[in-house]
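One structure is given below, encoded as structure tokens.
When the chains are written out, they are named A, B, C and D in that same order, and each has its own residue count from 1.
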Amino acid sequence: MKIAFIGLGNMGAPMARNILAAGHELTVYNRTASKMEPLARLGAHTASTPRAAATGADVVCTCVSVPAALWAVAEGPDGLLAGMTAGQTLVDFSTVDPGTSQRLAEMCATRGIDVLDAPVSGGTAGAAEGTLTVVVGGAKEAFERVGPLMAAVGKNIVHVGGPGAGSTFKLINQILVGVNLAGVLEAFVLARKAGLDLNVLYDVLRTSAGNSNMLNYAVPDHVIGRDFDGGFVLKLLIKDLDLALQMGKDAHATLFLPAVARQLYEQANLLGLGDKNMTAAILAMEQLQGMS
Amino acid sequence: MKIAFIGLGNMGAPMARNILAAGHELTVYNRTASKMEPLARLGAHTASTPRAAATGADVVCTCVSVPAALWAVAEGPDGLLAGMTAGQTLVDFSTVDPGTSQRLAEMCATRGIDVLDAPVSGGTAGAAEGTLTVVVGGAKEAFERVGPLMAAVGKNIVHVGGPGAGSTFKLINQILVGVNLAGVLEAFVLARKAGLDLNVLYDVLRTSAGNSNMLNYAVPDHVIGRDFDGGFVLKLLIKDLDLALQMGKDAHATLFLPAVARQLYEQANLLGLGDKNMTAAILAMEQLQGMS
Amino acid sequence: MKIAFIGLGNMGAPMARNILAAGHELTVYNRTASKMEPLARLGAHTASTPRAAATGADVVCTCVSVPAALWAVAEGPDGLLAGMTAGQTLVDFSTVDPGTSQRLAEMCATRGIDVLDAPVSGGTAGAAEGTLTVVVGGAKEAFERVGPLMAAVGKNIVHVGGPGAGSTFKLINQILVGVNLAGVLEAFVLARKAGLDLNVLYDVLRTSAGNSNMLNYAVPDHVIGRDFDGGFVLKLLIKDLDLALQMGKDAHATLFLPAVARQLYEQANLLGLGDKNMTAAILAMEQLQGMS
Amino acid sequence: MKIAFIGLGNMGAPMARNILAAGHELTVYNRTASKMEPLARLGAHTASTPRAAATGADVVCTCVSVPAALWAVAEGPDGLLAGMTAGQTLVDFSTVDPGTSQRLAEMCATRGIDVLDAPVSGGTAGAAEGTLTVVVGGAKEAFERVGPLMAAVGKNIVHVGGPGAGSTFKLINQILVGVNLAGVLEAFVLARKAGLDLNVLYDVLRTSAGNSNMLNYAVPDHVIGRDFDGGFVLKLLIKDLDLALQMGKDAHATLFLPAVARQLYEQANLLGLGDKNMTAAILAMEQLQGMS
């Protein structure tokens, strides 16, 4: 297949590499042009605008950070939409709110372009190894058509519903990540204050009703191991929670815990921890509670 | 061993039965006397006061609902403390705040009585089958001394620290239960509003970063299966969160998410759902959001 | 002065009427054209697009509901910006977030157009009587130039800073409105549950440290008088709190209480109370707490 | 009248002085005996136990910090209840939860002793000048009987209902204080971040819908004046909010905003600001948001 890939950030670059490695013909675009070089050396074409990249591709992929960045590469005279025509498929790997995904799908539907919202999970490691989880919203036929592309970037590829459903699934997962993690961090600050043996506590909790993936992710390496570099960074979690709150607003659903958790993470961000691992929010909690 | 067991509620009664079945000599006391009859028929002695039950026992067990109920059976002329002397051991299976556990331990220490705070997890099913998890705080030697008793009621018995540590561990678990569950319920109300296929959503989430024991507990049987009877009831969760907030207050630790989650559960309780399974909080959320 | 007025809603229509009554030459535009008729009968010109209305005016006024509505009348080939040239002044009476106000000001600055963000307070009664409070952000000279216009719509006109400052002031006021009112409503639900005499309670509170304009606004007529029609409606308060949360996000400031208050108001909105007076949130609180 | 006064803290000492100055015969008791000396020099009798102080008095007054301190002076062989007989009146000036007030009233009712819960407002200045506000719960006749005593300590004396009503009124006021103040502080942190002129902001807000006594109390002297010593201290506000949350729990009413505000104040307390003026919570907010 002829693929265009727009957005070569921490996630997008390794994904594009895997698409190339799978034998697809690839044209890339990135705002900061230097990021295209490594892919060009591997055989990718480069384009000077999203429009140029998108022109003539079977599938156009985007992987950017926020809804505004998506609109920036999609719209306008140089945007990818200006280069696309009926029959092409647009796959958005970005994590955006479902309202954005649906608006994009509607704009394209009138022009005969299928859109799939396909946010990914699994981090930079999963992107590099091609083992991402991808939850995909949009037309079932379009989903099946892009099967080979998806196989190149991920392992667990699930079609979960119509336009926007992929984004909704992803953000619901992020809600649970944000809430469960904040609960773990608050609980472990208290545990330290109470003088508990955190290793014993962790051993008990992981076999108890309070167990969660976030407990296992956060406690050994970060809360106890005190390593707060790398992995999913705090400011991205805040971004995802903001998208989730936007989704809640649009769906007319209340989200009390995510709203409060978001404020807790923002406190940590305001103390300069935004580029640390999301578990670094415990550093702010400890500082704010006179512990460091 | 000669055992006294005070408090034959939903948890205490089957625990006492297992102690008896393990071959210990058992004397029971319960405020509502009729609840002693099934155990008397199985061979237990009955006592007319906590004091009478406690007199001469090797180990005195309590299993009541709240700190006030514990003080009610412990203090006063008919209380168990009035019947206990140096060398006896007191095992409190109730879930109370660590401050209560520590105060009880201090009162007893001056009189040569060891106290273990030993809250249990595993529900009425675990109590019936003798497979409870017990986290125990107090002196290590006392913990070892009561090994045969513990073996009769539970499977996973862990000594986790000094006086109050058992209560602290239990409440930290309950914090995670309360927060994780509230997050799941808010997320699934939103998912229903967004028209998602809840079965597919659950399948995706259970293999994602947002997975938790509460997700697996709540979603298939309760949120999707719509069965809200039995199991751990809502008003007990509220009670445990109140104890946890008290613990946070005493430990000078902030607990933003548990404080808000507690209010959400209370809304459900005020709509008459207190004796339903704790997952029934979703019924309140749905009603409050115009969905039922 | 030659004035264009775009947006003839509940607030805009009476404001436009007062501008006309003050002797200014007025051209109006409204999406729903029928709303222009009453003003046309009073002597206003009508325009078929925002662009047409804006062309040639000394001052172009906008008064719409949300940022998206502002961009809808401002941008595009029919938008007011297409009709404006250097030397004209744009006065936005809408309540929007300061980020929106600043973006609009920047866009216009390059073209020699002064923008004032001038959100109003005082309700439909104040709009009708020309006694609104207007907090104005933007260049001081522009503020002074539009003095006669402002005098026609309001009584208390304050220049509070540069571009966006008016919007910031307005939203900070709305934060206090939203938080203080939610506190009053939660307190009075509790008071009713506790069986207090609400009239006596109000008499005491209004001379106590807990007094606030919201207490005086909400309690006699609404909480006690049970009149929930008219006045500032709930869904506008939610809208303003959402703008305030956006402002907090942009300013990197945490807003715990507004975030939670917003969820409480949304619960009421989801029960169908969005078009009631904002104090109607107490009806939801009462219903959710088994009182009605 | 023959008056006993138990609890000579920051509030109790000047109140006792005013009672003495009004010509009543006064016997005082305080745990730290040295605090009785200034009153003894003014002509008060001193007692060595609450019981001794209470014996033979027409009215026994208490003014202590928390419910536990009230029970400590009331119960036991040396407690004031041991010294009181039918016909005496007990006036509790402490701020406690209504459950405590009601339990005390019930205990005394069976013995023919009237109890009035009479928490005071107005701070140490009001206590010194005898201008306190006193909201009183209990029997109307008892209230009228103690009129001369009340006249000695306060200016605005209101009978607000039966036993516990005084405590409920006081705590409802404290809910509004805690919520309104936290809203003001969060808003002004944001305002500083947004670079607003805080004096102009205050001038606008005090004539707007967002105005409150807390705004006027907090902003000029504390938020702008940066004076955080003296006045009502933070840890007392936390104590009062904890009592209010207990009251909400007992009344089965949700209190979302007070629950969150309490956590915000606790953050400030944990940073060592507990003995500062309650407005010092803004120092924690500023620090936690990278501003100091």
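Criterion: a contact is a pair of C-beta atoms (placed from the backbone, for glycine too) under 8 Å apart; a residue touches a chain by one contact, two chains touch by 3 or more.
Predicted, not measured: the structure shown is a model, and the values here were computed from it.
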| item | value |
| --- | --- |
| Of all other chains, the one whose Cα centre sits farthest from subunit D | A |
| Between subunit B and its twin subunit C, rotation from the CA superposition, multiple of 5 degrees | 180 |
| Whole-Å gap separating subunit A and subunit D, where each centre is the average of the chain's CA atoms | 51 |
| Gap in Å, rounded to a whole number, between the CA centres of subunit D and subunit B | 36 |
| Junction residues of subunit A - those touching two or more other chains | 252-256, 260, 263, 267, 270, 288-289 |
| For the subunit D and subunit C complex, residues of the former touching the latter | 98, 121, 133, 135, 156, 158, 160-161, 165, 168-169, 172-177, 179-180, 182-184, 186-187, 189-191, 193-197, 200-201, 203-205, 207-215, 217, 247-248, 251-258, 260-261, 263-264, 285, 288-289 |
| Residue ranges of subunit D touching subunit B (in the complex, touch as defined) | 242, 249, 252-256, 259-260, 262-263, 266-267, 269-270 |
| Residue numbers on subunit D that touch subunit A, as the complex places them | 256, 260, 267, 270-272, 284, 287-290 |
